[in-house]
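Next, two complexes with chain A in common: one pairs it with chain B, the other with chain C.
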Partner chain A sequence: MSTATTNPSAAEPASGRKAPAGERVADWADGRLGIYGLAKANMRKIFPDHWSFMLGEVCLYSFIIIILTGVYLTLFFQPSMGEIVYHGPYEPMQGIRMSEAYASTLKISFEVRGGLLVRQIHHWAALIFLAGMFVHMMRVFFTGAFRKPREINWMFGFLLFVLGMFTGFTGYSLPDDLLSGTGVRFTQGAILSVPIVGTYISMFLFGGEFPGHDFVARFYSIHILLLPGIMLGLLVAHLILVFYHKHTQFAGPGRTNKNVVGMPLLPVYMAKAGGFFFLVFGVIAAIAAIATINPIWAIGPYRVDQVSTGAQPDWYMGFAEGLVRVMPGWEINLWGHTLVLGVFIPLVAFGLVLGAIAMYPFIESWVTGDKREHHILDRPRNAPTRTAFGAAWITAYFVGLIGGGNDLWATHFHLSINAITWFVRIFFFLGPVIVFIVTKRICLGLQRRDRDKVLHGRESGLIKRLPHGEFVEVHEPLSPGQLHTLTAHEQYRPVELGPEVDENGVKRKISPVQKLRAKLSKGYYGEGNQIPKATPEEYKEISEGHGHH
Partner chain B sequence: MSSQQIPEDNLPVVQETAHGAVERSDDPFADPGLPAHQPRIQDLDERAAKRSERAVALMFTLSMLATVGFIASYVIFPVDKIVYIWPFGHVSALNFSLGLTLGAALFFIGAGAVHWARTLMSDVEVAAERHPIEATPEVKAQVMADFAAGAEESAIGRRKLIRNTMFGALALVPLSGVVLLRDLGPLPEKKLRKTLWAEGKQLINMNTMKPLRPEHITVGSLAFAMPEGLDPEAHDFQTQMGKAALMLVRIEPDDIKDKRQRDWAHEGIVAFSKVCTHVGCPISLYEQQTHHVLCPCHQSTFDLSDGARVIFGPAGHPLPQLRIGVNSEGNLEALGDFDEPVGAAFWERG
Partner chain C sequence: MKKLSARRRHPLAAVVVLLLALAATGGLYAAFAPAGKAQADETAQSLAIEEGKKLYAVGCASCHGTGGQGTTDGPSLVGVGSAAVDFQVGTGRMPAQQPGAQVPKKKVIYSQAEIDQLAAYVASLGAGPITPTDKQVDPAGADVANGGELFRTNCAQCHNFTGKGGALTEGKYAPDLEGVSPKHIYEAMQTGPQSMPSFPDTTMPEQEKKDIIAYIETVNGDKTESPGGLALGGLGPVSEGLFAWIFGLGALVAVAVWVAAHTAKAKKS
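For the complex of A and B:
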């Protein structure tokens, strides 16, 4: 490539021996795609190993499964709200009016061989995809894997999570059954609550008044093309960045911020990750064989004047549902206009709660002022404030989820729905505070334990009687590797604002932003908010001074 | 994020230890380097390795058999065959067999590959160096110089007229796309304020599809009605029902606390919109002793004996009442449309 002279063909070396077919194909591709350069950088790329790193893989594989099964479903599904009278093989629906969307979903379930299986794999995989993203996001959060240089990848992942929620919602609304139709009605009511533009958005989205004849076809194109298209792009970008940044790893002997220790992509990760795809797919297929999901034939077609009790969205929408259910019905009527706070505030709160976790990496990096790259993961205990914040966020999320199923909680546990509503109203605010405090204390306790372990060794469980009669437990000293692992984490010092007056006695200007930051920094790293880790001096004093107990 | 003013020495000190080598031997916490590789039984004993090989091959074979089973199930089981399988109950034989054989065919490929990787492929850990993501100052300087040269050659900074008109054109052109969205739907106008109900329209019983008469509605029962002339097979039936759905109950006139409500009722028969004022679900649960109705979606509860005011839940205002009477044939009829919009509240509702 570098010279204009003819390159002797790589496929036919001077000896005249013909290269193997595979090599010749690779040569052909390399001449056009430059694959050898790519392979050199990536074929033996090192990936560190930890069980929690597979959570992201679950998401990737369930996404692929969703696409494969989704394409199959489009071959049979009719995205139409045209009404027909059912005359198919499913007896209970004989002679009932329904949309073509619902009828074709019945057809997929009862007439297409394997159609029910693919439908159920599709829906189960969607639930697992969302659950996987949630847990993967928590893994990244609690270990601090979102820190520089990975903040943008955190945002990509967050967008995938949010888009996944809406892809799921538009997907389960497609069969036009009574349950999902009720969910769409709710969505329309929530859209109406948006000040000024709400009625316009509703009219434009539904092509007129609810339900109209358009939303299934429109949701269909959003569900199968627009959102998954964007998600596919984000997913590829997410993976490229994972490769480019190289994976994070936990601290340990030989593992530093400047290396990555693990096993090569070819063959170990190829086999493990490739095999894991089949494991995930196999498990989801088995679940779809034995566990019915969304039995739309038992629910019936959507009728705007009918509803069933115990209506629930899919789990990932339950948090938003809960906020809507427990909110007091505030409405403000002024100057001929209505501000529907009872619905609009939950709508905004939903966005804010999600936004809080999305913005967290930027808040933390602002508080620490740390501009370095971080490739070594934190153990959650070693970042008590972050861990406490994450636990508090999960608490708010799950309290909302309880509110979303308040009717089911009431009927299944014989509780008063008023009591549940008030519980959610109070604990949506109070719960995160309590959990924040408790989590932080647990983290500090674990830090103290690590410190004791480093200084005094591991409790062996052996009781020894000393010559003068005292009983003591024998502590075994830790290995150098363990000592290093338990002391490898960094501890920040809080930001100091400095003296209030400068050397000339003139009052320094300290902006409120700087003060806020100093306060936050103290809350993160000040006294009592982290336990100083054992120092080599302390260790030496104890181990050389009076030996081990 | 302004964070320039943090002094470097506030950041924790990174323990600089070269991989594998202990530089500061006096530091008891120094990185001892990668631990030595622990051989597996398969690394030492060829018979154990053979056993692993057979296990992997067995799993791949099971996968093949499962795929054969999948195809056999597809051919053997009719799509409508229901069988009882403990503990799952009555299940579709086809769905059950296809799912489990497909699941097994996939799972055993995965299990085989993972077992292969764990027992037979090298498990020696390797360290690879990381390189900073940030460019070196030289690279950055080169890029900045290139960019400056490019910008200079385009003269975008000097020829402001070009720059500004280009920005203008680029800002305006997406408007075409926005304008194209206009025909997604009609403007709201008064659509959400009007329903099919009008003076003289008879109330049609949703169950019998016949006009409702006062004697059809007994104390304690809940009846649903739609306006006369609405055909369930009509193109816009769902859209019209979404606003016009009506529910009727009979309450002893003395038990009705609200005077206007009593005036708008007929002999204690009151008609309210069935569409919840929260987000529009149809209300369907009636507590006959207390005259409370409950929306099953979000549990908004309305007291039908007191102007359908909200007594619990997230709804923000009472259900609109329809004024009803009896026509010359003795059938119930509407005496006009609802006097306020039905269903969820919205900005223009007022």
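For the complex of A and C:
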């Protein structure tokens, strides 16, 4: 301490009391990072409470768990297709030729301390991550949380889901076991089916003819570096946008499009989210300790001349698998080239089905012409067409999943696999139509019920006998808060095409696109497609009038 | 000699030669025929065939014909051998309950002695694969790793990686191999029941069959270990996906509901 000016004690208050250590660390950091400003802006950030808002957290935490366990696995995994002979502790594989990738996965499973548990946590967390993203996406979809200003965040989320699928697929392929090798071969077939470029892409990706000696190493860098890197970036952007837009909330008393009602980030949400992380980790670790996933030692190393029945991808690719399984084996042979429609059509359909849900927010805002900001969530029943579309999409998706597991449906329900194939072929198209109609009717029925509840109150189950002998059921009026919640949603009018002729009596030019839009808009908001909610006048007339009915 | 050559064109010459040839053949047969074996036939074997024929007439003849020649309801049993009978009746598949895509395994209704008698009768209809001895099917000392390699090359296409079974066309299926005795696995490979191809000793020698049996016992037997926990049926990603959705995501949603329900209260009023 040569100079007094650098002595920190000079900054101490006159009383001579030393500031607490935490405060001094915070001061130090603020001087360099400006954390006070950030904290001031964000510490009291309000988040609304609802269990379904935590589905995104499930995804975030399982992603973190996947990264942590994945790092551990990279310490022992050998991404090499060099062939060796196994002489490890697992008896049924003694003396078998296998790739180093497969041998090192056996080593992780049987020799590395905690290796099998970490492998299982990694794989279970991946399945749950994808399932969580699927459900989170459906929550956002059915409540209309994708509307302005959140369309870009919807797209980020969608990209995370798709990239998650491919990260999962490349990870599933790394152990180079007979199951994953079959899956890689399947994928190579799908790549080959792409007209013109397919052969080139396949040769490029596998470094020559399948299987070659490269794909495990290439998939490894894609799996641990490229895709998770992009995903991490998207994830951060996704969260920044959640912060920037503020969280949506369900309608309720005191909640408007301009406020957020809930609890502050600090301390409430920090504690909740931190605790929830450990709960998610705990649940996934417990599952990984209880149930096997991908027992590669029982499956055997990949060899191109071997294949097993029951070879399926992980669930998130099952939908694509199903489309290929049920597609008739069509092909066109022209001028010495083969176009394998039996694989190429499912490949295109796979992209179209995913694209349909991704583009929906833009389609809806175009049809309805709704360009305003929305921070209050819709109850699914109050947007019957959207809800019906979502349910129809899920139906198509799950019918495809049935196709992906058609052999297990056949053996476990004693069915003919051919019958299941035909069921999937028909219901992939018919199922969504039926579900669309049924869901829409259910939504309208629920809207009628809401209207009835608002106007007539809740059915109490009490039967009263009037003096003249009539029996009536007592309806309990709703509280003002409940009334608000049930009537808070806006109801829109369909887009009008305007008069057919202009002021001079000349027929106006209306483009087919405009006509289509008007028609679709009528499907959303036209008569019979939404039940007019109870108006204050109606409510007043009934509640002041003759009481019941 | 002159006399003989002079008479060789006699009208009766051909008859004499024929008689001599017959006498020689008969005489040689009498001299070399296995007389002892014929004696044994009289006692145990022919008795078993006799008993088997009676059982056959009651339990099998309605579909396979009175002499095993087959009818429109069942195939001919000539040449299927005792191993086929021992497998089909010994696993309860025969007698069949009803026509269908495939005859399922069910409760065995004949005793092993009766099955042996039936097998003896059917084997007497024409030569075929013989029921293996206990020594032939014993997997002790077999090469499990080689069995695994053979299994994945020849069997897994229909029976799954570890013999958990799989679907075939039109409601047919390859059954789960858990709990199937080594003898029956051996016989199935030997005879190729229903949709299964046969793997006779010429294409798959006895030792390889033993290796396969040893592999099945190791990965799909009573003493199979599952180091990772519950095996979830050993069916691969479909059952894993279902488990992840129902128990994984299900538990996490339950936890989320619980956490959301226990929020901090602003202030009690």
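Observations
Note that in this section the second predicted complex is superposed on the first by the 529 of 549 C-alpha atoms of A that agree within 3 Å, B and C clash if a C-alpha of one lies under 4 Å from a C-alpha of the other, contacts with A are read in each partner's own complex, and residues count from 1 in each chain.
The definition used in the following text is that a residue touches a chain if its C-beta (ideal position, glycine included) is under 8 Å from a C-beta of that chain, and two chains touch if they have at least 3 such contacts.
Computed from a predicted model, the values in this text were never measured in an experiment.
Of the two partner chains, chain C is the only one touched by A:299; chain B is not. Shared-chain residue A:93: touches chain C; no touch with chain B.
With both complexes superposed, B is the one of chain B and chain C in contact with more chain A residues. Once chain A of one complex is fitted onto chain A of the other, the partner contacts of A:135 are limited to chain C, with no touch recorded for chain B. When the shared chain is aligned, chain B comes close enough to touch A:46, but chain C does not. Shared-chain residue A:276: touches chain B and chain C both. Look at A:487: by the touch rule set out above, it reaches chain B but stays clear of chain C. Once the two complexes are overlaid on the shared chain, A:311 sits against chain B and chain C alike. Of the two partner chains, chain B is the only one touched by A:336; chain C is not.
In the superposition on chain A, A:290 makes contact with both chain B and chain C.
Touching of chain A by both chain B and chain C, each in its own complex, is seen for residues 110, 116, 120, 263, 268, 272, 275-276, 279-280, 283-284, 287-290, 303, 305-311, 406-407, 417-418. In the complex of the two chains, the chain A residues touching chain C come out as 49-55, 57-58, 91-96, 109-110, 116, 120, 124, 127-128, 131-132, 135, 178-179, 263, 268, 272, 275-276, 279-280, 283-284, 287-295, 297-300, 303, 305-315, 318, 404-408, 410-411, 414-419. For chain B in complex with chain A, the touching residues are 1-3, 5-6, 10-12, 14-15, 17, 19-20, 26-35, 74, 79-80, 88, 91-92, 94-100, 102-114, 116-118, 121-130, 132-133, 181, 184-188, 191-192, 206, 224, 226, 232-233, 235, 238-239, 241-243, 245, 274, 278-282, 284-285, 295-300, 310, 312-317, 343-350.
If you check the complex, the residues on chain C that touch chain A are 101, 144-146, 148-149, 152-153, 156-162, 164-171, 173-174, 215, 218-219, 226-232, 234-245, 247-249, 251-253, 255-257, 259-261, 263-264.
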